[in-house]
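Input: structures, listed below.
Look at the two complexes coming up: chain A is in both, with chain B in one and chain C in the other.
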Partner chain A sequence: MTNHWVDIKNANLVVIMGGNPAEAHPVGFRWVVDAKIHNNAKVMVIDPRFTRSAAVADEYVPLRSGTDITFLLGVANYLLSNDKIQHEYVLNYTNASFLVRDDFSFNEGLFSGYDAQKRIYDKASWAYQLDEHGFAKRDPSLSNPRCVFNLLKEHVSRYTPEIVENICGTTQERFKVACELFAETATPDKTMTSLYALGWTEHTVGSQNIRAMAIIQLLLGNIGMPGGGINALRGHTNVQGITDLGIMATALPGYLALPSEKFPDLPTFLAAVTPKTLVQGQVNYWGNYSKFFVSLLKSFYGDKATPENHFGYDWLPKWDRLNDFMYTMSAMEDGKLNGCICQGINLLASFPDSNKSIRALSKLKYLVVIDPMDNETSCFWQNHGEFNDVNPASIQTEVFRLPSSCFAEEEGALVNSGRLLQWHWKGADVPGEGRDDSECIAGIMMAVRRLYESEGGKAVEPLLNMSWNYVNPEAPAAEAVAKEMNGRALVDLTDAGGNVVLHKGQLLSSFAQMRDDGTTTGGCWIFTGSWTEAGNQMARRSNADPSGLGVMPGWAWAWPLNRRVLYNRASLDPQGKPWDPKRKLLWWNGAAWTGYDVPDFGAAPPGSAVMPFIMQADGVGGLFAQGKMAEGPFPEHYEPIETPLGTNPLHPNVVSNPVTRIMKNDDNFGDPKKYPYVATTYRLTEHFHTLTKSSKLNAITQPEAFAEISETLAKKVGVQSGDMIKVSSSRGAIKLKAAVTKRIQMFKVNGQEVETVGLPIHWGFKGVAVKGYLANRLTTAVGDANAQTPEYKAFLVNVEKA
Partner chain B sequence: MTQDLIQRSATNDLTQAPQVRDFQQQVAKLIDTTICIGCKACQVACSEWNDYRPEIGHTVGVYDNPADLGPKAWTVMRYNEVVENGKLQWLMRKDGCMHCEDPGCLKSCPVPGAIVKHANGIVDFVSDLCTGCGYCIAGCPFNIPRQNPVDKRVYKCTLCIDRVSVGQEPACVKTCPTSAIMFGSKEGMKVRADERVAELQSRGFANAGLYDPQGVGGTHVMYVLHHADRPELYGGLPKDPAISPMVSFWKGIFKPLAAVGFIATFAAAALHYIGSGPVTEDDEEDHHD
Partner chain C sequence: MQVNRRQFFKICSGGMAGTTLAALGFAPGTALAQTRQYKLLRAREVRNTCPYCSVGCGVLMYSMNDGAGNAKNSIFHIEGDPDHPVSRGALCPKGAGLIDFIHSKDRLQYPEVREPGTDKWKRISWEDALSRIARHIKDDRDANFVERNTDGVTVNRLPTLSMMASTSITNEAGFLTQKLTRALGLIHVDNIARV
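So, the complex of A and B:
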């Protein structure tokens, strides 16, 4: 979230698209209700299904799954052609006026630089025109045809209401209602908040779905504003924390990059990743990259990290390819892996194409499953009749089950969607032989280290040099790890005037104190300030709200630096006056920025040329994304990898995302003639993924698997609610109950009728609920080109009476 | 707590109820169906507080699980898909005992003190006195009480009388994430409802209103509805609920003559006839218990 949960109450319009918070975030949803009741807000749900969120919305607008970009660029087109944008914001706080290189182009579905052979782009042309100092050229009059504003206008001009109706299946009348609601928030005193979740990310164009909404929010002046923002609603208890700590194939904690093998040493790497300021005088905070990175290396390797050895840079693994979970499963299926440690996920139930997962797990020598439950993953080798029809005798994988704690059995911080680190204490001890997750991992680490110490081995330095200074190294305490994340001074730190600000050994209070000379540590720079010499900031529990805007700065602690609204300088005009006096978060006190929230800005006074988007090298919000995205600087409509249309009405030669990674064995796509219906998987309020089917109360409230289908599809298939149906894709088939509902409807798209099949994912062959098939037997292992999130939300199936 | 009982079943009106504790507030639960998201947290909280667990059932193609109220399901969510002027609405209502000011169950109960009404308006079943005759089932205009086939006794929502008595709100109220379930004095809840209705009318729900049916003297569980003119849309909430004439007949005229055995027998037979439907249905429902 750029903003935070409580802030939703400040919105005038709540747009729920790509998510279903009433279903998946019922507790946070109270702020949507609060906005309605106390701020007279309108709530609009844009979704293929009429959801629980839609049930309490003012407007429900249907669209075919996988067509969000068409819809959103249609909205952008409406805003631009009807002059419903916040001009001063767009001119000053976005890159609308920046000139783009002349060799950038877009033709017939492809941006300039496409390599059809490798399915990647050379992004060199997706960049600004630079002057002789290396700064971006601008045209504040917005008349230059190469300025971002005009390129965007041209790009979205194709997304007319007729095109939206033809691709999304949304009637022009409903689309107009939606556009008008969006447009109402173009005035400085009205904001729209965008709430999304996996409904946007689980597409082959997932990241670009979010980009499309970001463009709209920038045009409307809603970023940085209380009641505005782009707000990702995170699902799993601590999935925001996982992202922050970089548990991904090419990431390190704090959104730092894990170096690839292209960078042989630290200086080369830092030179490549540290952005150059693109507009004179901008803050460009990532310019401090080296301080965060070196502090992280000091945290990893302690005293072993010295300036002479580049702080242990050589000990970091360097990636050659994206070794993400989908690549790993393919490699496992090819027999390239011996073992797998699976923690924090019920892999077999949650990964796409579960038949493939079974084939892959069966090739392993050993599998370690760290989980509170004896879940499907650790039982993949068991025969459970039709629900898991394997032959145990033919599977040689040795499975080790390490029973672990649930979140309520652990102490520590959880990071919520609003970047709030909330410390929590144990509710109960782990039962039986269970151990803390950290204890399980530390135990394995220590045992392996002892083996290497006694027996030796290849490339053992990373393991042996790792700093591991815990009172009990077999079970690091949450408190110790939290302080390690925060970071310390390793010498007396002085300010510019030579005054000591921190003594050697003290905890840092800000990442601004970090150095790149090895005199500070910090395991995750964005968490610095969470546990300072003043104590555990995450354990604070004051709900005082001096602003009345729900900022509550004394409740727990938000990264970065306890800031609740990111880019909050953009809530003020260039002269420092709030766009809306009722939403005053910050002000200039004559010498510095201050306010109810922590200012997201440097020390430049009002009226200066310094712009509010301090993490950007150009200081502004990006309508045009320079070189960052895999498939283009502007979003473009691409059909899901399995499309019911078999074509793209905008450009038939480029049907789906041209840069998605398709691995061998995963190109088993369904033919729409055989699998004509669009399936989409999702969660229900009553369950938490595949964990709570082991809980009796949850099982009582939703006992059995079902698929939601429209009345028209039910008639076609010849079934009624409660009948068994068989849903099949080119990868597998499942049987489950039919739930025939008006909440799912047929779409008229590009001259054909498209039906949606809704598949909640909560059942399996373990637990106390009624046994069922894993929904992921059906899904495709192709994902978003940037994040590799699988396309769970749009794939092709057939439905028959079972 | 017995000093709070202002009405008890099968007890002659000549026996006056305790009247010293006359400073008790009338309470009410207000359920705002217009901000209910149907999450079923209320169902789970009810199960947890009251220590019951129904069997894990099956889905029949709707979100209603358990499919109906039961001796071990004192509250259930009812989901209704309604198309109004071409626009779909998914109406959700938490169903359960309404705690009538004029309770049909209490009036029809033949066992002295097996059903009681507290001074704050809560209607409760005193289970150890219940003989399982099922008359309360027939007497309820909302089809709420359910008989347990194992012990034959009849159960329903207690409005968490054990919590309310010590100054806490009912478990469902405490757990509701959107504050769609509220609890307080009946007067206070009516004021709250007025605010909600005004807000709904400003959003175009011209017939929004409060459900507090006067046919049963008003209720201590009230609903805010978008369509107060058509409560039946919400899983069959009766438009004008009233106590069955047979119960009124029995209580109003014959009860003072209850000593006359043959008349009582006649009335009981008649009531059992009315009551037998739901009891049988319930027996089937809970066959697995």
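So, the complex of A and C:
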């Protein structure tokens, strides 16, 4: 979230699109209701299903699953054609006035630089025109045809209300109502907040769905504003924290990159990843990359990391390609992996195409499952009749499972959607012989190290040089690791005037204290400040709200630097005056910025040329994303990889995302003639993924799998509510009960009728609920070209009476 | 003279004689029926965070424990934390079932192994489990670790072992996971953030 949960109360318009917080985040949703009751806010839900969020909305606008970009670019077209934008904001805080290179173009569904054979873009032309100093050229009059503003206008002009109706199935009347609601927040004293979740990300165009809304929010001047922003309602309790810690194929903590094999040494790597300032005088905070990276290396390798050995850079693994989980599962299916450590993930239930997952896990030599629960993944080799029809004798995988802790039995911090690091305490021991998660990981580390210490072996240095200096190395204390992530001074640190600001050994209070000469450590720079010499900031419990805007700076600790609203300088005009006096977060006290929140800004006084988006090399919000996205600097409508239309009404030669990765194992797309209906998986309020089917109370409230279909589809296939149906895709079939509802309606799209099938995902062959099929037996392993998130929200199925 | 409450009231209804009895010290014994004491008052309260979605609601967990060295905490009640600024004491239908989650019959109790080709779990000790896992990892790593790629660049990677990380663990467990994976040289590393 750019903002945070309580901040939703400040909105004038809450747009819920790509999420269903009333069911998936019910307690957070109370702030939507709060906005409605106390701030007279309007709530609009745009969704293929009439969800429980829609049930309390002022406006419900239906659209076909997988067409969000068409809808949103249609809104952008409305805002630009009707001059409903926040002019001063757009001019000063976005790249509207920046000039784009002359060789950039868009034609018939493709941007310039496409390589059809490799299915990738050469992005060289997706860039600004630069002057002789290497700074971007601008035209504040916005009259140059190559400025971003005019290119955007031209790009979205194709998305007329007629096109929206034809592609999304949303009537022009409903669309107009929606556009008018968006447009009301173009004034400086009105804000719209965007709430989304997997309903946006689980598409082959997932990241561009979010980009499309970001463009709208920038046009309306809603980023950085209390009650505004782009707010990802994240799923698991610490999905934010684990993402922050970079436990991903090509990442390291704090959104630093794990170097690839293209970078043989540290200077080459740092030169490539440190962005050059694109507009004179901008903060360009990523310019400090080397300080964060070297502090991380010092945290990893301790005294072994020296300037001479580039702080141990060689010991980091260097990747060859993006080995995300979908690629890994394909490689596993091909027999290229021997082992897998699966920690607290029910991958058989959560990953796409569960039949493929079984084939892949069956190829492993060993699988280690660390989990508090008996689940489908650790038991993939068990025969459970039709629900898991495998032959254990033919599966040669050696499977270990280690019993681990759940939340109640451990201590540490979890990061919520609002970037809030909240400390929690242990209430009981892990049952039986179980050990907490840290102990399980440390146990493996120490056991492997002992073998290497006694026998020697390959690549001993990277393994033994990794710092592991805990009082009990078999069970590192949470406090010690939290301080390690926060970071310390390794020498007396002095400021520019020679005064000692931190003594040797003291905890850092800000990442601004980090150095790239090896004199500081810090395992995750964005967490610096969470555990300082003043104590554990994540354990703070003041819920005082001096601002009245729900900031509550004394409750726990938010990254970065306890800042609650990101880009908050943009809530003030260039002269430092709040756009809306009722939303005053910050002010200039004559010498420095101060306020209820931590200023997201340098020390530059009001009226200076320093712009608010300090993490961007150009200082502004990007209407034009340059080369940062895989499929283009502007979003474009591409059909889902399995489209019910078989074409793209905008450009029939480029139907789906042209750069989506399609692996040979996943080339099993359904023909719309055989699988004519659009399936979308979703969650219920009574359950959390497949975890709660092991909890009796939750199992009682929603005991059994079902699929939700419309009355028209029910009639067509001849079933009534409660009848068993068979839902099949080109990858597999499942049987479950039909729930026939009015909440799902048929769409009229491009001259044909399109039905939606809703599939809740909460059941399997384990747990205390009624046994059922895994919904992911049906899904496709093709995903978003940027994030590799599989397309669970729009894939093709057939429905028959079982 | 032993009197119970009923007898006492009977006596009192006799008028002056009754009140005199009371004055002489013949008060009734302690009533057997009384309001049960509020159980949470004597419980140990621990603050935690709901483990499901990412709203991060505050929860209070209650267990009985007199502090004796041989006493084990067992949580018997969980409710929302009213001081929490986001959740303000509320829990949703998911969180309302937390007590059944931590005490689920599906909780694993000890390390186990399923030997290749068999159809059952076998209980093993932690020592056996960790040493067998470590042996697998070492053999795999020694056989398949790539120190340099074909261009001679130091890459120090192990392409045959993958790590799928939880997003329900703490930051601290997560950082240890990050360190373990990179120390082993893993590049097939991901978490369940996207699904």
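We take it that the second predicted complex is superposed on the first by the 802 of 802 C-alpha atoms of A that agree within 3 Å, B and C clash if a C-alpha of one lies under 4 Å from a C-alpha of the other, contacts with A are read in each partner's own complex, and residues count from 1 in each chain.
Convention: a residue touches a chain if its C-beta (ideal position, glycine included) is under 8 Å from a C-beta of that chain, and two chains touch if they have at least 3 such contacts.
For clarity, every value in this text was computed on a predicted model and none was experimentally measured.
Enquirer: With the two complexes superposed on chain A, say which partner A:Val768 touches: chain B (first), chain C (second), both, or neither.
Expert: Once the two structures are laid over each other on A, A:Val768 reaches both partners.
Enquirer: Could you look at A:Val56 and tell me whether it touches chain B, chain C, both or neither (first, second, both, neither)?
Expert: A:Val56: touches chain B, not chain C.
Enquirer: Considering only the touch criterion stated at the top, classify A:Ala331 as touching first (chain B), second (chain C), both, or neither.
Expert: Only chain C is touched by A:Ala331; chain B is not.
Enquirer: For A:Thr397 in the superposed arrangement: first (chain B), second (chain C), both or neither?
Expert: Second partner only, chain C.
Enquirer: Is the number of chain A residues in contact higher for chain B or for chain C?
Expert: Looking at chain B versus chain C, the one contacting more residues of chain A is C.
Enquirer: Look at A:Gln343 in the shared chain and tell me whether it touches chain B only, chain C only, both, or neither; answer first, second, both or neither.
Expert: In the superposed model, A:Gln343 contacts chain C only, not chain B.
Enquirer: Would you check which partner chain A:Ala534 touches, where first means chain B only, second means chain C only, and both and neither mean what they say?
Expert: Neither chain B nor chain C is touched by A:Ala534.
Enquirer: What is the contact status of A:Val500 with respect to chain B (first) and chain C (second): first, second, both, or neither?
Expert: A:Val500 sits against neither chain B nor chain C.
Enquirer: Mind working out whether A:Pro26 is in touch with chain B, chain C, both or neither, as first, second, both or neither?
Expert: both
Enquirer: Of the partners chain B and chain C, which touch A:Thr685 in the superposed model: first, second, both, neither?
Expert: Touch status of A:Thr685: both partners.
Enquirer: So which bits of chain A does chain B touch that chain C touches too?
Expert: Residues common to the chain A contacts of chain C and of chain B are 26-27, 30, 685-686, 696-698, 701, 768, listed in rising order.
Enquirer: Considering only the defined contacts, which chain C positions touch chain A in the complex?
Expert: 44, 46-58, 61, 63, 72-75, 78, 83-88, 90-102, 104-119, 121, 126, 129-138, 140-142, 144-145, 147, 149, 151, 153-195
Enquirer: For chain A, which residues are in contact with chain B within the complex?
Expert: 22-23, 26-27, 29-30, 33, 36-37, 50, 52-56, 58, 60, 685-686, 696-706, 720-723, 737-743, 768-770
Enquirer: Hey, which residues of chain B end up touching chain A in the complex?
Expert: 34-41, 43-44, 47-48, 53-63, 65-66, 81, 83, 87-92, 177-180, 196, 199, 203
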